[in-house]
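These are the structures, in C-alpha cells.
Two complexes follow with subunit A in common, the first pairing it with subunit B and the second with subunit C.
On to the complex of A and B.
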C-alpha cells in the first residue's frame, strides 16, 4: 500500500509539473487528466472508491473533455511567447512561498493521527462508502448540499442566458 | 491466497481472450447480418461461409504499411487508438458473467472483481472513451479528422448525460451500486419489466456513445471521408476497430446485467445464459445499424437534449413516485 502511495505521488507531482511547463496546451490538458487519475488512486488507497470514481467521471470524463474540445476548436497548437508582468510574478512568488512555508511547517510539526469515529475500514467494506457519503449529505451537511445545488442551478441558467444572447 | 491469485489471473486471461476473440468475430457477424438484410451472401471465400475472414483481415492489417502523416503529433497519434481499447476492455472487470462456482473447495465468483461501486466504475470508464476519438482526430493533422473528432466529442458529451440518467432508476430499485447485488436482486423479475423506458434510453444512448449508425456523424463517410480515423492505417486502424467492437460486447453485457437478469435463467448453465443474452443484445445493435439512416447533426443534438434527457429525468421522477406509493 505504501509503495502505491509513492507511485501515485510521483505520477501526480510529475504530471502537475508537466501541466505548467508544457508549451502545447493540449499536452498540458492531457497531463492534467493523468494528474486526476493519480488523485483518484489516492482516494482508492483511502478506502473512498466513490470519490475516486466521481473524480474520474466528473473531472477526467466531463470537464477535461470540454477543455480539450475548446483547445481543439481554437486550434492553439503552440504558445509562442508568454506575456508576463510584474504583478503576476509577485503574486506567483508570494503564493509559492506561502505554500512552501506551509509544507515545511507540516513536515516539521505534523504528527500522524489514528482515524476516529464509527466508520472503520470493516464497516465501510460492509455497507459501501456511497451509503456513508449519501447519509451525511442528506442529514448533517444538508444545508451546504442544497446551497451547492442552487449555485449549480444558477450557473446553468447563467450559461443558458449567455449562449442565448448570441442569436 | 495463492489459489485466489491463480483464479484471478485465469479469469482475467479468459475474459481478455474472450473479448478480443468476440470483437474479431463480431466483424464477421456484422458483415453476415448486413448481407442478410441487403439480400447478399456476405464473405464466403475464406473458410466455410467466410469463417476465417476475421483472421485473414487481421493478418492483412498487421502486414500493412504503417503510415503516420507528416506534421502529425506522433505520440498522440499512436496513443489515441490505444485509449479507445483500454477503457472498453477494462469495463468488463466488474461485470459478473456467471454464478459462483466451486473449485477444489473454494468458491470462485465468476467476476473479476466485485467493487461496491460497480455501475459508477462502468460509467467512469465509458466517459473516457471519448479521448481516443478526439485525440485521434486532432493528432492526425487533417481537417476531416478534426471535424470528425469535434463532432464525436460533442455527441458523446451530450449522450453521456442521458446514458447516466437512464441507469438511475435501476440504482433506485436495486438500492445498491454493486453489479453482483443488482443481478441477485433480479432473481424474481428482470429489471426491464420495471424500467422499460430506462432500457430503451440506455439502448439508444449507448449506441450513440459507441458512434454507431444511426449516430455515426463522427465518421460519416459521405461528408468527411472517414471522420476521426481518416488518416489511420495498419494496426492503429485495427485498434479502433477492436475498440469499437469490444465496446459493443461490453455495452451488451452491461445491458444484460442491469436489465435482463444477468446470468440468471432456468435449465442451462449460467455462463451460457449470459452469453445467449449478450448475443441477442448485440443482434439488436447490428439490426439498428443496417435499418436506420444516419441522423443529421442538428437532429442528433435535438434527440439527445430535447427528447432523451427530459425523458430520462421524467423516468427517474416517475420511478421515485411509484416506489413511494408502493411502500406506503
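On to the complex of A and C.
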C-alpha cells in the first residue's frame, strides 16, 4: 500500500508538471489523462472504488474526449505558438511557490479532529461502496441531486448558444 | 491523511502555476481541471480520515459541475477562436481601451 502510494504520487506530480510545461496542447491533454488515472489509483487506495470508476468515466473519458475534440477542431498545430514572456513566468512561479509553502505549513502544523463518523473501511465494505454512496445521494442529498440535474440542463443550453454561429 | 493532502497541495499549486503562466487557452483550461482534481483528492482524504461519507458525495457534485463547466468553457473557446482566429489569452483585451 505504502509503495503504491509513492508510485501514484510520483506519476500524478510528474504528469501534472508535464501538463503545464509541454508546448503542444495534445501532449498535455494525454499527460492529463495519465494524471487522472493516477488520481483514480489514489481513490482505490482510500477505499472509494466507486469514485475511482467515476473519475475514469467522467474525467478521463468524457471531459478529455471533449478537450481532444476541440483541439482537433481548432487545428492547433497550424496556429503559431505564443511564447510566455519572462516576467509573467517569474510572477507565476513565485505566486505558486508561496501558495505551496502556505499549504504545506498549514498541513504540517494544523491539528486534525478526531474521527466522528461511523463509516470506517470495514463498515463501508460490509454494506458495499456503491450502495453507501447511492443511499446518501438519494436520501440526504436529494435536493442537491435535483439541482445538479438542472445545472446540467442549463450547461447544455449554454454550450449550444456559445457554439452557435451568431449570438 | 497528511501525505494525501500534501500531494493534493502540490498538484493544486502546479495547476495554479499553469493558470498564471501559460497563454494558450486550452492549457489554461486543463490546468483548471488539475486544480479541481486536487481539491477532490483533498475531500476524499479528509472524509476517509474522519470516517464520513459527505466528502465523497461532494466529490460527485464537483464532477457534475466540472462536466458542465467543461462543456460551456469549450464552447467559449470555440467562439473565441472563431472571433479572433487565435487562442492566445492576451488577445482577449477588448475591455482594455
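Going forward, the second predicted complex is superposed on the first by the 130 of 167 C-alpha atoms of A that agree within 3 Å, B and C clash if a C-alpha of one lies under 4 Å from a C-alpha of the other, contacts with A are read in each partner's own complex, and residues count from 1 in each chain.
Basically, a residue touches a chain if its C-beta (ideal position, glycine included) is under 8 Å from a C-beta of that chain, and two chains touch if they have at least 3 such contacts.
This is a predicted model, so every value here is computed, not measured.
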| item | value |
| --- | --- |
| Which of subunit B and subunit C A:130 touches, first, second, both or neither | first |
| Subunit B versus subunit C as contact partner of A:66, first or second or both or neither | both |
| Contacts of A:56 with subunit B and subunit C, given as first, second, both or neither | first |
| Partner touching more residues of subunit A, whether subunit B or subunit C | C |
| Residues of subunit A that lie at the interface with subunit B and also at the interface with subunit C | 50, 54, 62, 66, 73 |
| Touch list for subunit A against partner subunit C, complex | 5, 9, 12-13, 16-17, 19-20, 25, 28-29, 32, 35-36, 39, 42-43, 46-48, 50-51, 54-55, 58-59, 62-63, 66-67, 70-71, 73-74, 76, 79, 81-82, 84, 88-89, 91-93, 95-97, 99-100, 103-104, 107-108, 112-113, 115-120, 124, 132-133, 136-137, 141, 144, 148, 151-152, 154-156, 158-163, 167 |
| Residue numbers on subunit A that touch subunit B, as the complex places them | 26, 30, 33, 49-50, 53-54, 56-57, 60-62, 65-66, 68-69, 72-73, 128-130 |
| In the complex with subunit A, residue positions of subunit C that touch it | 1-7, 9-18, 20-24, 26-27, 29-31, 33-34, 37, 40-41, 44-45, 47-54, 56-57, 59-61, 63-72, 74-79, 81, 86-88, 90 |
| Footprint of subunit A on subunit B - complex, ascending | 76, 115-117, 120-121, 123-124, 126-128, 130-131, 134-135, 137-138, 146, 149-150, 153-154, 156-157, 160, 176-178 |
